[in-house]
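By letter and in written order, the chains are A, B, C, D and E; residue numbering begins at 1 in each of them.
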Amino acid sequence: QDPVKACIITKTDTNPFFVKMKEGATAKAEELGIELKSYAGRVDGDNEAQVAAIEACIADGAKGILLTASDTAAIVDSVQSARDAGILVIALDTPLDPIDAADATFATDNFAAGRLIGQWASATMGDAAADAKIAMLDLAISQPSVDVLRDQGFLEGFGIDLGDPNKWGDETDPRIVGNEVTAGNEEGGLTAMEALLAKDPDINVVYTINEPAAAGAYEALKAVGKEGSTLIVSVDGGCPGVQNIKDGVIGATSQQYPLEMASMGIEAIAAFAKDGTKPTPTEGKDFVDTGVMLITDKPVDGVESVDSTKGAELCWG
Amino acid sequence: MANQTGASSSFEEGLKGASESVAEFHEEKSLVKKVQHWLHKTPSAVPMIVLLASVIVFALLSDNFFRATTMSTILQQIAIVGILGCAQTIVVLTAGIDLSVGAIAVFCSVLMGQMAFTFGIPAPLAIVLGLALGTAMGAFNGFLISRLKLPPFIVTLGTWQIYLSANFIFSRNETIRSQDVAENAPSLQFWGQSIDPFGVKVLYAVFLMIALVAVLSYVLRHTAWGRHVYAVGDDQEAAQLAGVQTSRIVIQVYALAGLFCAIAGWVMIGRFGSVSPTASTGQLGNIQSITAVVIGGISLFGGRGSVIGMFFGALIVGVFEMGLRLVGTDPQWTFFLIGALIIFAVAVDQWIRKVSS
Amino acid sequence: MTEPILKARNLVKRYGRVTALDHCDFDLFPGEILAVIGDNGAGKSSLIKALSGAVQPNEGEITLEGRTVQFASPLEARAHGIECVYQTLAMSPALSIADNMFMGRELRKPGVMGSLFRQLDRPRMEAFARQKLNELGLMTIQNINQAVETLSGGQRQGVAVARAAAFGSKVVVLDEPTAALGVKESRRVLDLIRDVRSRGVPIILISHNMPHVFEVADRIHIHRLGKRLCVINPKEHTMSDAVAYMTGARVPEGVAA
Amino acid sequence: MANQTGASSSFEEGLKGASESVAEFHEEKSLVKKVQHWLHKTPSAVPMIVLLASVIVFALLSDNFFRATTMSTILQQIAIVGILGCAQTIVVLTAGIDLSVGAIAVFCSVLMGQMAFTFGIPAPLAIVLGLALGTAMGAFNGFLISRLKLPPFIVTLGTWQIYLSANFIFSRNETIRSQDVAENAPSLQFWGQSIDPFGVKVLYAVFLMIALVAVLSYVLRHTAWGRHVYAVGDDQEAAQLAGVQTSRIVIQVYALAGLFCAIAGWVMIGRFGSVSPTASTGQLGNIQSITAVVIGGISLFGGRGSVIGMFFGALIVGVFEMGLRLVGTDPQWTFFLIGALIIFAVAVDQWIRKVSS
Amino acid sequence: MTEPILKARNLVKRYGRVTALDHCDFDLFPGEILAVIGDNGAGKSSLIKALSGAVQPNEGEITLEGRTVQFASPLEARAHGIECVYQTLAMSPALSIADNMFMGRELRKPGVMGSLFRQLDRPRMEAFARQKLNELGLMTIQNINQAVETLSGGQRQGVAVARAAAFGSKVVVLDEPTAALGVKESRRVLDLIRDVRSRGVPIILISHNMPHVFEVADRIHIHRLGKRLCVINPKEHTMSDAVAYMTGARVPEGVAA
């Protein structure tokens, strides 16, 4: 009998987050004897490559697809045709729009992840939060959904009026110095931070889309001697990021669990291939929540968190 | 005055009785010679050979590859690149380059969608307006290039950014969902329909691409306008001196390219169902279409090559991508191998050309 | 004497530090063959480029049939009936002989194929091209579909000359049409020039070949250092005189040194 | 034999006494003429004028712009593009194009970092090895282009993908953190150090970029090798017939470009602190460097332009980006306006050239 | 008779359907001026391109000083001392006159600037270029730093001829060197050719100008339809004979029709 075939399709495979997700899936697949093929887009937001990947999976006769969608609404038709071909489609990390377009969703709530760091930053600053100077280091001008959710979550947590919650950059709060895009890497974080510092040297809160961007922003702050007096917050919870919490580079980060999502997904596909069972969502939610945890060494009241030592045990690479 | 002839150049007397027959040489007609000659006369056949070879190799590597459904999937995957490639072909033939093709396509798909949804314009009218706007965007490129004499690379680099960010701003980053399109403006999804002859689904979009390639090939080869496009790319100054209205041709070419891009934008709605401003064609469409054009043997210096070659170029890339996906390499290794295979394909192409000449 | 059909006064053309035309005058009368001779770099090509719109002079005035004209491009000049063979030939190297010969004046198939589908009539264009080339004695072209870039230097020049001669209407300008041509082919070009004149079309002929010039020209415009030095009648002056004038060895009568 | 002269061309008697002085014309020397002439002779001055004008405009629009710190920030932001631009300049001068510059830079920075960390090679040796490997990658491009006669666009498109995915595979997508680099291999961060003359921080990287531009400018203008680079780009066949070893020059040019990219990779470590395989330069470095080259007035058809122009081109882009960020807020609009301004800058450049000729 | 310095037997060169050389033979003897004449497209340029490595013949053998050679590129031929002026001139249009003249043999500054920094000696190169051009009578070049593409047709040819004549060592090949040149400049080139021969260097001269050919040539190779038809001595045949042979009007003695 042929082994069960499965696919994992990530947004890109250069972002460590997705790399780890793939590694988790691969490990689990090997354990369960599943033949796993992996695909990825070329740039963030690459919907076409994901459509092509789904088509390849269908052509290849896969049993299940794990998908982190780049464009949650645009991919729906392709997902439907995969399901029509009898394939179990599980959305990882990012829910589809509508969420029931996939058979199941194993996700973190990115908005909640953003809100946690927003609350933490606001609580850490205390009264000074009223006249904070905030730099927003986002992902890309095409504003993919993670980008918007994390950004808007942060702002809500910090207590800033969102304007249109489906779009970043339309906020009018004077505390925001500006938004810049970083492509989610050190280089982007650095150049974006330099530009914002030229605009207003008094920035004291920096939101970053992920930890590499945070590391880049830190370098820019260090260059002007402001690394001690500025709060940097981020999302992801990768091991270098947690290490950076320990070293005081990043103040707090929201940790997510890509390895877990992926291995749960593979298990679900194995179960489906065996007897057709589909996973059931977490109680009270329409998806399986794999959770998010605030990591910081400076806990504040009212926001649950763990320290970097604990975070390092849970981190994903 | 004939009396002067003798005076000025007496030696011309030797001309009397000069041979009047056109030079001819006998030639052996061995099979090899014939094949060589055929290849020499039909340069677009060379990428075809490379294509066939790669199909055979992948068929040996993966059982699922050489199937009608897989083939039709490859065709539908290259439909958009193929249409953008038509736009790129005419531009490159004039020794230009158009980096904005993908951005125009995505922007036009968004314009059609938004006109139909936000402004409630009937879908067919929205499509026509979208096509017209695409043509206008292309014509704007052409205007800057031919009237202000700016380098095409810079103009289209600039308009790429302009059209792409206009697209994000105009659409407020909102995707129009497939169900909504299907319900309210099904004609936007026209090219996503398919026929199903022997159980193999073939999208209308595929037929459209093939039709566009065929028409363009005819126009370039068999009409005066097509010859003028080649002449402009070959040597713009010479063409101008020879009586070609070069700057008009350049504007027309970019405008037509804009129209092709707008068509590609319409096809995108059909293929993906939804209308998404973040479609990566906006970012990558230019490189993809230029790749197809160059693999197809069209010179980036203008004036040489054929649109059929571009079509095979797009197919070669499509076959490689699908083949490697089915063989199941890791994405990074896939990118690595696609890079290597593209070089290899062109190397083989060059080698066949050399042997055949 | 009649009025000149093409007249220029005080033309100046500068390229950066280089002066190519230095207050140059020019007259072409109806139905004549006017030869323009001069040293290399005297400014002959620049003169006819200015007359045919290929370059814009910095100063000066051009009149065609009495009306002041300003050609922004060779296309405009051609619309006024001025047909040129430039020294650089103005060919599209990758296109075929027939394509080049008919560039901008393509023949279309008869019937719907031509009117609706605008299809070119390749066979007719090729036959015409072959005939014109045979008339010029270019019997060595084996393949009429050859790209122009693969032709020999002389063959290429022959194609350009055939094109201008076949289509010129009001004024035909030939810039060194026989430079690369062989003995037989040159002779045919001279015959052609006389043919064109006999159709009543005046010709400007630039050439370094004195016997040819003295054989066909009605008047000879001698160009020196960017200026018209003088105009001579070939019947009244020897070749030796002309050479002496154009190289500055002697100064013609009536011209200040 | 002189006796034959008379026989063959009697008219040559007229030659006796032909003038022997070199032609000269008097010329007015008005101020306008002089400026025109200077611009004509120094074409790289034109982008400089555009640059100065844009600095002035932005200084009027934003208070924060015309400050020493902002200026030094702009310089440090263009340091990497400037160095990649040097690589791109020599390649484009040979009528080539190098899409792999960014990928080589990132890959080399990763190679240096991994050699120092994973394999424990002493940092200075790791740097030397990294530079050598970068040169080798460039030479490989050059080999494919000059020996196999493949189009540069396709070769470097392929190697772009190859080097970039090799970079991800080799590094397993892992970033080496800034703190670790500073502790264990500080020489990797050499170019990130700065001097601080009047309270204005200027990175070593900026001086390196300026030095490279100056040296390259000298080499291209004042050595035989530089002239050969221009000749190859101008008309490769003619250069070959005239006795230039074209294929050797092409390989050398791409190898040197690889070396420049490797240097850029080293500079990246200094500038960003960390060693990251995902740096955007890998994706965008090629477009950014080509943009600088084209704005600087270098022709993509080869043989025309100067590296100084490229430097001003990079500065113009840097000034626009920083200026618009300081003036505006929304990144999408910033992106839009950068596109428009780039076109505008080149249009002004063309206009000045036209007026000055 | 001595042995030929450069000899070719049975050269064949085909381009697709076109046959440019059809079992062609060739001999050049030491110290002679050999003219090659023939109709346009007869294959003269193809012959010398094959001899100088610019194209590779499909069949046939070339011997230089008795040794069989195969030149893969013009560089190799030049390394053997064969210097060519091609009909297409082989100039880099955007570079200056001096740059083109010294391409591949640049002069460097004396002292460290030259040896260590490898700086070109611009003033010396320009002075040399100016001198060579003056020797050719090209007095109209106003700016020695002009790009070659801005030169007039004749000036450009002059630069190419000056380059070959200044540097040729074993064999100098000139493909229609006077085609675009004026009367004075052509005369200077003929003098130059004689100069070069008097240095003992043999010359191959392709030309359509019969008076010139008969004036300087020691032997005349008549090319027709891709073949060597015959070799004649200019003292024993008239120009008229030569023209008749090359155009096929008459068949020389001893050649089958």
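Rule of thumb we're sticking to: a contact is a pair of C-beta atoms (placed from the backbone, for glycine too) under 8 Å apart; a residue touches a chain by one contact, two chains touch by 3 or more.
Predicted model only: the values in this text are computed from it and were never measured.
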{"item": "If a chain touches chain B and chain C alike, it appears here", "value": "D, E"}
{"item": "Taking each chain's C-alpha mean as its centre, the one farthest from chain C", "value": "A"}
{"item": "Rotation in the CA alignment of chain B with chain D, degrees, nearest 5", "value": "180"}
{"item": "Chain pair, B-E or D-E, that carries the greater number of C-beta contacts", "value": "D-E"}
{"item": "Approximate Å spacing (C-alpha centroids) for the pair chain C, chain E", "value": "28"}
{"item": "Cα-centroid distance, chain D relative to chain E, in whole angstrom", "value": "39"}
{"item": "Euclidean distance of C-alpha centroids - chain A vs chain D, Å", "value": "37"}
{"item": "Chain C and chain D: spacing of chain centres that average the CA atoms, whole Å", "value": "44"}
{"item": "Multi-partner residues of chain A (each touching 2 or more other chains)", "value": "13, 43, 141"}
{"item": "Where chain B touches two or more other chains at once, by residue number", "value": "9, 11-12, 14-15, 18-19, 23, 25, 165, 168, 332, 335"}
{"item": "Residues within chain E bordering two or more other chains", "value": "16-17, 19, 41, 88, 137, 139-142, 183-184, 210-211, 225, 243, 247"}
{"item": "Full enumeration of touching chain pairs", "value": "A-B, A-D, B-C, B-D, B-E, C-D, C-E, D-E"}
{"item": "Parts of chain A lying in touch with chain D, wherever the complex brings them together", "value": "13-16, 19, 43, 138, 141, 169, 178-181, 183-188, 190-191, 194-199, 212, 215-216, 218-219, 222-223, 240, 243-244, 247, 249, 317"}
{"item": "Complex interface listing, chain A residues touching chain B", "value": "13, 35, 37-43, 45-49, 51-53, 55-56, 58-61, 70-74, 76-78, 97, 141-144, 148, 164, 166-167"}
{"item": "Chain C to chain D touching residues, read off their complex", "value": "14, 16-17, 19, 22, 41, 210-211, 225-226, 238-245, 247-250"}
{"item": "Contact footprint of chain D on chain E as seen in their complex", "value": "54, 73-75, 78, 84, 86, 88-95, 99-100, 103-106, 108, 117-120, 130, 134, 137, 139-142, 163, 183-184, 187, 194, 211-212, 214-216"}
{"item": "Complex contacts: residues of chain D adjacent to chain E", "value": "1, 4-5, 8-9, 11-12, 14-15, 18-25, 218, 222-225, 227-228, 230-231, 234-235, 237-245, 303-304"}
